[in-house]
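Chain IDs A, B, C, D, E and F follow the sequence of writing; residue 1 opens each chain.
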Amino acid sequence: MTHWIILPIVLPAFLAPFIVLAARYHIGIQRVISVTGILALIGIAAGLAWQASDGTVSLYQLGDWAAPFGIVVVADRLSTMMVLLTAVLALFVMLYSIGSKWDDRGRHFHALFQFQLMGIMGAFLTGDLFNLFVFFEVLLIASYGLMIHAGGTVRLRAGVQYVLFNLLGSTLFLFALGSIYAETGTLNMADLAVRVALFDPLQSSGIRVAAVLLLMVFAIKAAIVPLHFWLPSSYAEAPAPVAALFAIMTKVGAYAIIRVYTLIFPPQLEAISGLHGWWLMPTALVSLVVGMVGVLAAKKLDRLVAFSVIGSMGMVMVSISLFTPEGIAAALYYIIHSTFAAAALFLITDLVRAGRANLNLTAQAPIAGGTLTAALFFIAAIAMAGLPPLSGFLGKLLILDAAFESDIMVWVWAAVLGSSLVAVVGFSRAGSTVFWKARSVAPEDGAEIAAPPATLSYVAVGGLIALLAAHTVFAGPATAYTTAIAQDLFAPNAYVTTVLDTPGKLSDYQDDSHDDDAAESDDKVEEDGGH
Amino acid sequence: MTLLSTIMDVCLYVAFITVSVAQVMAMIRLWKGPSTGDRILALDTMVINAIGLIVLLGIVQGTQIYFEATLIIAMLGFVSTVAYARFVLRGDIIE
Amino acid sequence: MKRLIQKILPHPFLTLLLAVVWTILQNSVSAGMIVFGIILGIVIPFTTARWWPDRPDKMRLVPMLKYCLLVIWDILVANVQVAWIILTKSNAQMKPCWVVIPLELKSPEAITILAGTITLTPGTVSSDLSDEGHSLLVHALDSDDPDAVRDEIKDRYERRLLEIFQ
Amino acid sequence: MSLFLIVALPFLGALLPGLMNSAGRAACAGVTFMVTLATFVGLLTNLPTVLAGELVTVGIDWMPLLGLNVTLMLDGLGFFFACLILGIGLLIITYARFYLAREDNMGEFFTYLLLFQGAMVGIVLSDNILLLLVFWELTSLSSFLLIGYWKHLPEGRQGARMALTVTGMGGLAMIGGMMILGQIVGSYDLSVILQNRDLIQADPLYLPALILILLGCFTKSAQFPFHFWLPHAMAAPTPVSAYLHSATMVKAGIFLMARMWPVLSGTPEWFVIVTGAGLITMVLGAVIALFKHDLKALLAFSTVSHLGLITMLLGTGTAFGAMAAMFHILNHATFKAALFMSAGIIDHETHTRDIRRLGGLRHLMPITFGIATLAALSMAGIPLLNGFLSKEMMLEEATHTVLFNSPMLVPVLATIGSLFSAAYCFRLIGHTFLGPQRDDYPAKPHDPPVGLWGPPALLATLVVVIGVAPFLAEPFVKLVTASVLGGVVDVPDAHFKIWHGLTTALYMSIIAVGGGLLMLAIFNPALRVWDAAPRPEAKRIFDAIIAASVSLARKFIAPLHDGSFSRYAAIMAVTVLAVGYHAWTTGTVAPATRILQPANFVQIAGWFMLVAATVGMVFLHRDRLLSLILIGIVGLMVSVGFVVFSAPDLAMTQLTVEVVTIILLLLALNFLPNKTPIESSVTRRTIDGVIAVAVGVAAAGLSYHYMLRDTIIPSISEYHLANSYKGGGGTNVVNVILVDFRGFDTFGEIIVLGIAALLIYALTETLLSGPVRARLLNRKPDQPRAGNMHPMMMVVMTRVIMPVVLMVAFYIFWRGHNEPGGGFIAGLVASIAIVMQYMASGFGWTSARVRYPYHGVIGAGVLIAGLTGIGSWFFGKPFLTSDYTYVRIPPFEKFELATAALFDLGVFLAVVGAVMLSLESFSRLARRAHVDDPDHPMDIDPSRDDETTKAEA
Amino acid sequence: MITEIALTVGVIISLIIGLFFTGVAGIGLLKLDNAMSRLHAPTKAGTVGIGAFLMASVLHSFLLGQGSFHEFLILGFLFITAPISANFMAKVNLHRQNCTPPPAPPRDDMWATLNVPEADRELADPQELA
Amino acid sequence: MELLVASAIGILTAAGLYLVLRLRTFPVIMGVSLLTYAVNVFLFASGRLTVGAPPILTDATTYTDPLPQALVLTAIVISFGMTAVVVMISLGAFLGGNDDHVDDPKPEADAGDAS
């Protein structure tokens, strides 16, 4: 058994308390540790992704307990891809926060950042539903800390709402977990897949409710209308690098939906039939529209970007809720894209702040370092609005392509294309006001000319843009990979058998009721029979 | 002997009921107030009665397993009472 | 040497108490557990010694035990009295009153024990201390003569405590 | 040269001007010119192959799964357009070098220009329609940058946005159309699609596809009703206008119609839509152009008109029409570019483009006059110039076209269009150059340097050459036409001649020119009529639409996202309820498998108290202290319930957490108002109540449902019960699950706690270093505080109780593996013990005597827990694998040593640290600056009397 | 056998004592008409009641042959903490003036609880806030 | 018994949700706490109710389901951390603005029109 799989979780989990213990008062050391840690994470994540790239499902049994009795961490193509995505994003976000000195405006930024990473990594890797809850909480509580980093009344107020809303979400999660446990008696995802398949359509009410409750939980995370209300203010008010890091958080929700609704509650299952398309697709379409209309309606740049995140999540969810391999593949491609694009936009928003009184979409004196910032904004906006040549456009094409067979193809296409137009209008209005109209405003007399943002900040944003470009150029391999992932997801046998059939501690002299029913593991040693 | 144990069972049952009634009475006091002091007192009484309930439960089930729980209620119940009282007295309970 | 002992054993009675508590907690008496209890009894006061900086006055153990028995007896007896009052007397008949007890005790430990005793013995609740700590305010549930209550307390408890904490 | 390179060169070259910016204007322009020239030359190297009628194709995979590949194809049509783009591009670059002012950023301009050029070349060379879409939208984007190049001008910004919006919209529509085409055919390769005319036209999705694609073409080519953006794009610097509106951007739509001609044309739908739109555009553009006073606006509308003409020709669906269209594209490019540049020269020299302020320039600017006149006459359709030839062909085609069953409609409209076309051309010449010389020009006009007039002069030469010797262009145009027709029909064999004989077309032409002259003669009265006539102003409509959508969007978004958490929460509750209800009702309820257990009096009483406290919370919540007391009851009752239902561990945890929570809330309540005012209306409260009750009923029902049914397969916890002792070495199964089976959850959980504490600490620090600090310092308590901060009894008792409680905590920790308890509860109990000390002796006195920083305790706890987990690596076991053994050290009994206990120690420390750090942070907020740390643990201590007297003495 | 009977009787007696005192505590809490008097009922009647239950538990455990005496610990805690709780609640009543004003202390200026800090004296009367 | 527990869950949920829908942070936090109780009991009840069979291994043959207990324990501790955090943040917000509404104040008409 290789310990590499657990490292993306354990490494930040060690670095963070170490920072708290040893480097509490030394921002320089914290930065070094943080960046080194993230670089190591990228290395590990890349290694894991490489290992999983041939479709291998790697299992790590914590405490050496076999699933479903202990908690397992599973690295398959999907989770390793998300882990790698997170690690890469984290690097640039971290560089930016160092460059812009955001990390020095409050305490414990680096520790919280590492904890946040730990939570996200854990959520992607875990193979246990309750453990997923725990990691959700880890990432959430770290995100609360990061969100209110540096304080300020407006931010705190937004923080209160953000925390409260997520507390309700967590409560709902527990309700869902209780329902699932009450129905199935297990928490391991693979085991759940086996058990849920046993449900008779004549006893389906309970498990159906459990399924949708869980879906709602993830929908909150993924900010699907009408459960998205937490997002605009909190993302807009959060410190820019934090908001950029949050770009991956909505994806955690999307990831969970993909995972749970292909593995545990696959669309073809009779007992839960009719639940997939019924709610998800319409709300996803509405999210897409609301997000992009929000872009048009925004009066401040940061809210504009926040709404664009809702829109992009809507786009992802439209694709996911097709529940076809093509749809999921397209969604995954788009997830990568929108993560980088949203992060870049949030960081650029912060660059714009340099030398401006506020982020209102009004003409104010030209900002420091304006041209470069404007260029970056232009590119990132193109990406977000889904215009060529960047990956947003390609992702959109993939989604349209995947939706062609859908029953409500017309609605999907109309929403996807129409919302793009709205986004184009919104972004062009905003950009031309902030960057162009500013040229016609003379700076106030005696106004201090703000120093342009640090080079490192630009490097970070540039890096994200470069990633977008790479995602575009290597779209072929990328889509091939996401398609492979999607095919894995729709043929979860490898996942289920790897998780359930790997023996753990005491496996050689135990037997449990599970095996009799699952009837899949013949190779398991059975010595004493039952209880 | 069987008679005695029957009596004991009856006593236990009556004790349960008495404690429960005492709890309810405390609850009524809590609702009625009128002063904050009364309410804190009612809460304190309820905590103490809860100990009684759990002890009785232990007797009924013939088990020691609830000892730790009872101990903790006994130790900590008063902490919250003091905290409430301090709050009324000083506003700041740790100053 | 004495310093060292003082440092290791800041409060010997506390150590003893902890060892006893540990043994009771274990619910069984065995040599190993008693040793362990004593170890804990040394370690815990050592770690918390900063919060109990001053050494209390010498306390005489035997009179203290006697005092405890007396109090337990009083508690039992007085409880019945209070129950009787509560059950039989109407609110109008009851005569609650304040009793002021001038203190001769100086040590905080002694005053605390006195106050605790007053509260535990039914019918009286020690309510407050005067701002220099020279009198104790006691509330009596039903008493015709506050002075009698005061004298009884002074005589029955404070006197003994004065002996214990000489 | 490889097609890849041809497409890539402008993009790669786009980097250069920006880099060369500091090297000077000439260098910028020079490098741009060289790049374009290289591309052009590269294109020409493919000429022989194209002339041979062969396709040049190259391709590499990009997204093979989607069918989006970088495949490029060069045929006659592509070659023709690429030549136009690059050729005119070269002229424009030269012209722009001299046109742009010193303060304009040359590098930026040429970067955009090259991007645009690359995108255009990409469009015409794409063999993959998705790739074509990529370039298509790129032209919209780069033209946005070009049009908005003068950022300080509002017209520039607005024009740019309008262009982007309209063409972007078309582009998006086209994405839909193209994807439908691709789905019909099964490939996005143009070469494949072009082979499948019948398949496509038979498909039910043909019409939507056609409409969507045409939307793209029409918006790009400024066809009615999308023509309005084009004149506003004139805010761009003139070189841009000349480039965009003569040879490139607007021709992209035409190009695409030509490209898709083989598969889309020939159906009635195509004919009606395309011809109809083209005709209207042609006439409308021409009419409006006549009455424009701005030179560039006039030219812009004339462009619109001519694009309509070409569109109409393509719409007829005949081979001859297509040929005429191709020829006219060539001619239009030459004369229109020349005219734009001339207009730019006039603007540059006279500082105005308003025709009304011009006139009589012919003597001042003879060269410009010559060029402009030639080009304008060509546009008017005067023989011996190239415009005449293609216009003749158009009229010829028009006479054969029957629209709406009316043979007269098209010819008449075409004639009218030509008439107005001639009229504005004459007006352009007459009102700008002819007439008396004026002395009120804003600047002193004279002919510009050769750099400015050279390029248009070259084009004017072409105008004349083609006009005089059309046969020179004929083979080329036919070649292009052949590739447009794509083998669907044969190339017509009509020859390009100046004289066709007395045909209907000639008469129409004569009418047009004559009418045009007449029109000019009666221009002033006509203008008055025009000015008086009401007509929709496209820009105003567009702006109104945009403003309306923005304000609609705001009306929709702003009230919905106004930060009203209570509404968000209500919406969430209702959503969950609705979705859950739907899921429930669409399923089937299984029969109950378990029997209801009887309830006894005590349970009912407990239930009653819980409910009373809960309901009390609702009705008495305005008194905050009271609601805190009530929640204490709720917690107590829930704990007792846990005890009753066999969960002592839970009861203990719940209780301890309860106490800590209450302390925490009391600390917070110290700052908050003690009452909640009544603010919401009765209706609001009723609605909230209904929602709450509904959700409550749902929760109760769901739980009841589950409790009466068994799990589908016995729970995995049977395994835990069976293996807890064997595998985990503990008899308290809950604790073994926590620290062993599911130790990873616990690991996450202590991290959550640790983070919570760090967060609270960090926020306290932030608050205390910000403006809040001053407020805290000046804060007054909202009620009088009682005396005696640290009562003696409390202090003395705490001294005894605290060590005992600590010991109990240790006991609970020690026994946790086998009896109820464990690291968590022990940690909480220990923290409460310390909190007792804080409450007794106060923050200052107590915290001054704390040995270890709580940060460190948290960190150590998490690290110990983690290191315990990692320790198992050294034994080749996974993270958190536990082991245990029994040890015997005299005089102790045999006792168990488990790694799980070490893990639990980590949990213990983390919990203590976290709770204490949080509480400490809270109380730090409450410290008022003027309160000194007391020297004594208690306020009143008679034993200090002696010291005091001593001190006084 | 004898011990068993004795123990059972002991349990029964303890239970009866316990339920009597807890009952009295409850009644007192409800019945008494002023805050200070109410303080008396539960703080000690309750304590003794629970003490009796604990005693019953101890005896019962011996009856079951698994003798335990750690219940005394709980009793000890109750006895130590009850006076502090009562003291604090009395202070609350004094501070909130829910009782007849106490006589002045003979030797000192005033009672500690009523010694409101100077700064707070101009604040609202606590009676109104009660 | 099941009915009692189920109805208690329902009442706790309803009361909690009602308080969550109030306008000031303090009742909202109280509401969230009530909801936490509700969900903890719910989760606990998912292991079905058993009286007198704590999952401490003895000679007994039946035990109640220990797993939900472990889960609830985790949930309790986590929600404690969350409550502490939300209390702190709302306190920070209150101290900054002297306003403890959960909802944002109505925005003043700030110009943000692009043209």
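Quick note on the criterion: a residue touches a chain if its C-beta (ideal position, glycine included) is under 8 Å from a C-beta of that chain, and two chains touch if they have at least 3 such contacts.
All of these numbers come straight from a predicted model, not from anything done at the bench.
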Specify the chain most distant from chain D by Cα centroid. C
Chain closest to the middle [Cα centroid of all protein chains]: A
How many angstrom between the C-alpha centroids of chain C and chain B? 23
Can you give the whole-Å distance between the Cα centres of chain D and chain E? 66
Expressed in whole Å, how far the mean CA point of chain C lies from that of chain E is 15
Note: chain C residues in touch with at least two other chains are 21, 25, 27, 115-116, 126, 128-129, 131-134
Residues of chain E touching 2+ other chains? 27, 39, 43, 47, 68, 70, 73, 77, 80-84, 87-88, 91, 93-95, 111-115
Per-residue overlap in chain B, given as positions that touch at least 2 other chains: 19, 21, 23-24, 36, 40, 64-65, 71, 75, 82, 86, 88-89
Can you check the complex and tell me which residues of chain B touch chain D? 16-17, 19-21, 23-24, 27, 30-31, 36, 39-40, 43, 46-47, 50, 53-54, 57, 65-66, 68-69, 71-73, 75-76, 79-80, 82-84, 86-95
Would you tell me which residues of chain F are touching chain B in their complex? 52, 54, 56
Within their complex, chain F touches chain A through residues 20, 25, 28-29, 32, 35-36, 38-40, 42-43, 45-47, 67-68, 71, 74-75, 78-79, 81-82, 85-86, 89-90, 92-93, 96-97, 102, 104, 110-115
Residue ranges of chain D in contact with chain F within the complex: 154, 158, 562-567, 569-570, 573, 594, 596-599, 603-604, 607, 610-611, 614-615, 617-618, 621, 624, 627-628, 631, 634-635, 638, 641-642, 644-650, 653-654, 657, 660-661, 664-665, 668-669, 671-673, 676-677, 679-680, 688-689, 691-693, 695-704, 706-708, 710, 715-717, 720-721, 724-725, 731-734, 737-738, 741-742, 745-746, 749, 752-753, 755-757, 759-760, 763-764, 766-767, 770-772, 775-776, 818-820, 824, 911, 914, 918, 921-922, 925
Interface with chain E, chain D side, in the complex: residues 674, 780-788, 791, 793-794, 797, 800-801, 804, 939-940
